[in-house]
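Before I ask anything, let me first share the structure, which is written out below as structure tokens.
Chain lettering (A, B and C) follows the sequence in which the chains are written, and residue indices restart at 1 in each chain.
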Amino acid sequence: MATCIHTSRLETPQTDSKHNDHPCNYLKYCSQSFNDFVLSNPLSQKCIQTSKKDPIFDKKSKPHEEQDEDLLWLKMKKEARLDIQQEPVLTKYYSDSVMMHNSLESALAHHLSVKLSMSSLPSSTLKDIFSSAISSDEEIIQAVKEDLIAVKQRDPACMSHVHCFLNFKGFLACQAHRVSHKLWSNGRKTLALVIQSRVSEVFAVDIHPGAKIGKGILLDHATGVVVGETAVIGDNVSILHNVTLGGTGKVSGDRHPKIGNGVLIGAGTCVLGNVGIGDAAKIGAGSVVLKDVPARSTVVGNPAKLIRRKENPNKMDKVPALIMDHTSHIECQFSDYVI
Amino acid sequence: MATCIHTSRLETPQTDSKHNDHPCNYLKYCSQSFNDFVLSNPLSQKCIQTSKKDPIFDKKSKPHEEQDEDLLWLKMKKEARLDIQQEPVLTKYYSDSVMMHNSLESALAHHLSVKLSMSSLPSSTLKDIFSSAISSDEEIIQAVKEDLIAVKQRDPACMSHVHCFLNFKGFLACQAHRVSHKLWSNGRKTLALVIQSRVSEVFAVDIHPGAKIGKGILLDHATGVVVGETAVIGDNVSILHNVTLGGTGKVSGDRHPKIGNGVLIGAGTCVLGNVGIGDAAKIGAGSVVLKDVPARSTVVGNPAKLIRRKENPNKMDKVPALIMDHTSHIECQFSDYVI
Amino acid sequence: MATCIHTSRLETPQTDSKHNDHPCNYLKYCSQSFNDFVLSNPLSQKCIQTSKKDPIFDKKSKPHEEQDEDLLWLKMKKEARLDIQQEPVLTKYYSDSVMMHNSLESALAHHLSVKLSMSSLPSSTLKDIFSSAISSDEEIIQAVKEDLIAVKQRDPACMSHVHCFLNFKGFLACQAHRVSHKLWSNGRKTLALVIQSRVSEVFAVDIHPGAKIGKGILLDHATGVVVGETAVIGDNVSILHNVTLGGTGKVSGDRHPKIGNGVLIGAGTCVLGNVGIGDAAKIGAGSVVLKDVPARSTVVGNPAKLIRRKENPNKMDKVPALIMDHTSHIECQFSDYVI
């Protein structure tokens, strides 16, 4: 999966520095054992051959349509107008946050700066920071759009793109992280850490600015999510609330999990240490994962056990992050479950 | 249990529409298997016969006394006066939030609007919304009172009703939900979702406005609680922090848990899918529950296992939600526990 | 361990009342069975004999150096100046919070009052409360310094002391608790509870003001931490996010855990009831602990199981709270782990 997405992106030329920072290149940061999981897995080949039927790949193609130009933004403004008609009491909220802006980037910079401001760091200062980071960065803009589409597609409680944009703290925390990660990568570590801290206070989501996060991300509910400095998250990943991608030990260096593409991580799960979670894997709610998880497998429990193996992997047309099925695994092999 | 409470309420006539929305009618929304648990259970019969000794029923009777008129509100003002005498530095806080109001409803609308306001949604706007939703709705007012009494009775850390009213974010999140649920039920979905979002940001409690919640609810500590759109929570339920009543799959429709009356759910527990938790059941801390739980039983663990069976059910005079005993089950059947 | 720290402290004379309140005297509050764990354990003796090689003791000696005078505060101002040079946009933030103050105590009182203020409890009122509580209390000032040093030493994501001071909500929540605990101990319960409530809303950390907390504390990430009224936490303890030190039952009285010195508690763990966790014990992420845990042992799982026993205890030169190693135990005895 990682391979095919990577390949398709090579068509658009990128500067070397950006290319190296790209979250999709997470394989570089993985331990050898995790590379084995992913690269030797037939998933990558199959993805290239049958991309039209691959829900991850299908999702990827949509933003390309919507890029020409700002169809998504026009749609969001239309949704906003309908909301204001139905609920005039929210006119100022929608006007300040959506209607008075001429682009998604401008609206996002404004919305985040209002949410994250404090008396000694006013929203005007923050807006300048967010605007300059987002407006010139096609990578971030594309990721914002794919995240909006991902939330709308995967979360049945999401009524519209503008609803996600205004109200989903997981979405907003993720976009603030994209800015703080850019600042961190450009050496502006002090500022990046202040933004991380404000996001942790305002949204209860604590993502270290060093973490690399792909596109098409759903942080559902989001309270209590913790992602460490050297964690890497692939594309089209769905992560529920109270999920920890944590480190171990007090030594610096590569010490956090690497999450493949299309992974679903259930609520209250801890993944600790520099372990790899293979593409299209599913981790059940409340699990504690301390070892590598093979691609297309399902693990559950504390400590986590493998309940779908290579002989019966997660099907390619049912990528866990997109299907959001948290419970069907109990019907097959979860024999320990005795209620 | 559901039956007897329901019966007692029929004495006060209700409009049909309200009646259908009543959270106590959660049985309607349950799967057949869950109905079986509850209706076939001797609990309901016993409850009718021995209501005087039933702590749930005893609790229910107290609000009726206090309804004539606003004894609870007078008590809270008295508590507030004592607090101000002891701590003059809090005079403005208590004055703005309690003393200057002539009813519990007015004070609650003000307190919530101050907590949940933001620059583009000022407290004056929110206060109008909360006031008009609460002041005309006897169902909500009664629920607010029963929640205040429940917290004071069950939480040994709660010093007074006014202490709960001012400082307990679980209580405040629950009352804000009652308003957003009313707005949602009346078709004002956009506004309901904005309130949900603000509650998630300010209190770290994420309850979808579609969820139906009974009376006499204790959300203890409350951080990280997530309740999905089609969840139903009965009366006199105690839920600790970091509890998830979550869905499964990305398809809309009935996909969240149904919690009976008198249930106690321990900290950090996930209940996922359209499963039923029977009346007076207890779910131990850190459990993962993916199947129906019979009434008056105790389940613990990940995955959850039944440790009190029908032969030795939770006793009727020890309804878990009221007793708040989180640990005594380890003394009987939790043989797996080896420290 | 408790003994030796206690002994060293006797060199500085203390009033009797303060001495009795000292969190380090947690053994007084422990059940007999827990006292047995700690006092009969060779750890205490060894600590006295080999204190120079004991990382806990080594840590304790550093603050003494820095006491003469305010070396730590001078260092923090230097760090702040460097940060402002690199990031002029943060000048106001650093100036208001650090540079304009002439002591750590003044800066802390200001920073907390800004974070925790609300319209009906302005920052000026809160600052007076925090200032008068902190400035005259050597016990609190020493604890603040040891906490700053602990976070910097143990958390590889912490870049400087001023970074911790400004941005770590776990550190700030802990210091606000030190003030609310002092108010609580002096009978100002109403005010103490208001501060607890604001900390729970602003930082998502809920520590009852009655809880006794030692020095050298790291609350890492901190979201969702809950500590009950009668809990006691020793010195040099590291606690991750979503950790509960909770009670059981609705009866008042001693009902929460007692945590020894040098303990490490992993993310998402529940410790419930009046149980004792012995010195230098380690509790793995996602554990549910309902029984006493012997000193220098490691427990993991739900329900928790002992995986390091007296024959193979945690080594004295590797105190879990200082090493922050969350995962190495799976290599030895965690045979249940099958991925």
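Here is the rule we go by: a residue touches a chain if its C-beta (ideal position, glycine included) is under 8 Å from a C-beta of that chain, and two chains touch if they have at least 3 such contacts.
Keep in mind that what you see is a predicted model, and the values were worked out from it rather than measured.
Colleague: Does the chain B and chain C pair touch with the same residues on each side or with different residues, judged by whether over half of the numbers are shared?
Modeller: Answer different: the two copies use largely distinct residue numbers here.
Colleague: Superimpose the Cα trace of chain A on the Cα trace of chain B, which carries the same sequence, then give the rotation angle to the nearest 5°.
Modeller: 120
Colleague: So the centre of each chain is just the mean of its C-alpha atoms; given that, what is the distance between chain B and chain C in Å?
Modeller: The computed centroid separation for chain B versus chain C comes out at 32 Å.
Colleague: Residues touching two or more other chains, restricted to chain C: which are they?
Modeller: 204, 223-224, 242, 268, 286-287, 302
Colleague: Using the touch definition up top, name the residues of chain C that touch chain B in the complex.
Modeller: Those in contact with chain B are residues 118-121, 125, 128-129, 188-191, 193-194, 196-197, 200-201, 204, 206, 208, 223-224, 226, 228-229, 242, 244, 246-253, 255, 268, 270, 272-273, 286-293, 299, 302-306.
Colleague: Considering only the defined contacts, which chain A positions touch chain B in the complex?
Modeller: That would be residues 83, 86-87, 89-90, 92-93, 95-97, 114-115, 153-157, 159, 163, 166-169, 202-204, 221, 223-224, 240-242, 266-268, 284-287, 300-302, 322-328, 330, 334, 336-339 of chain A.
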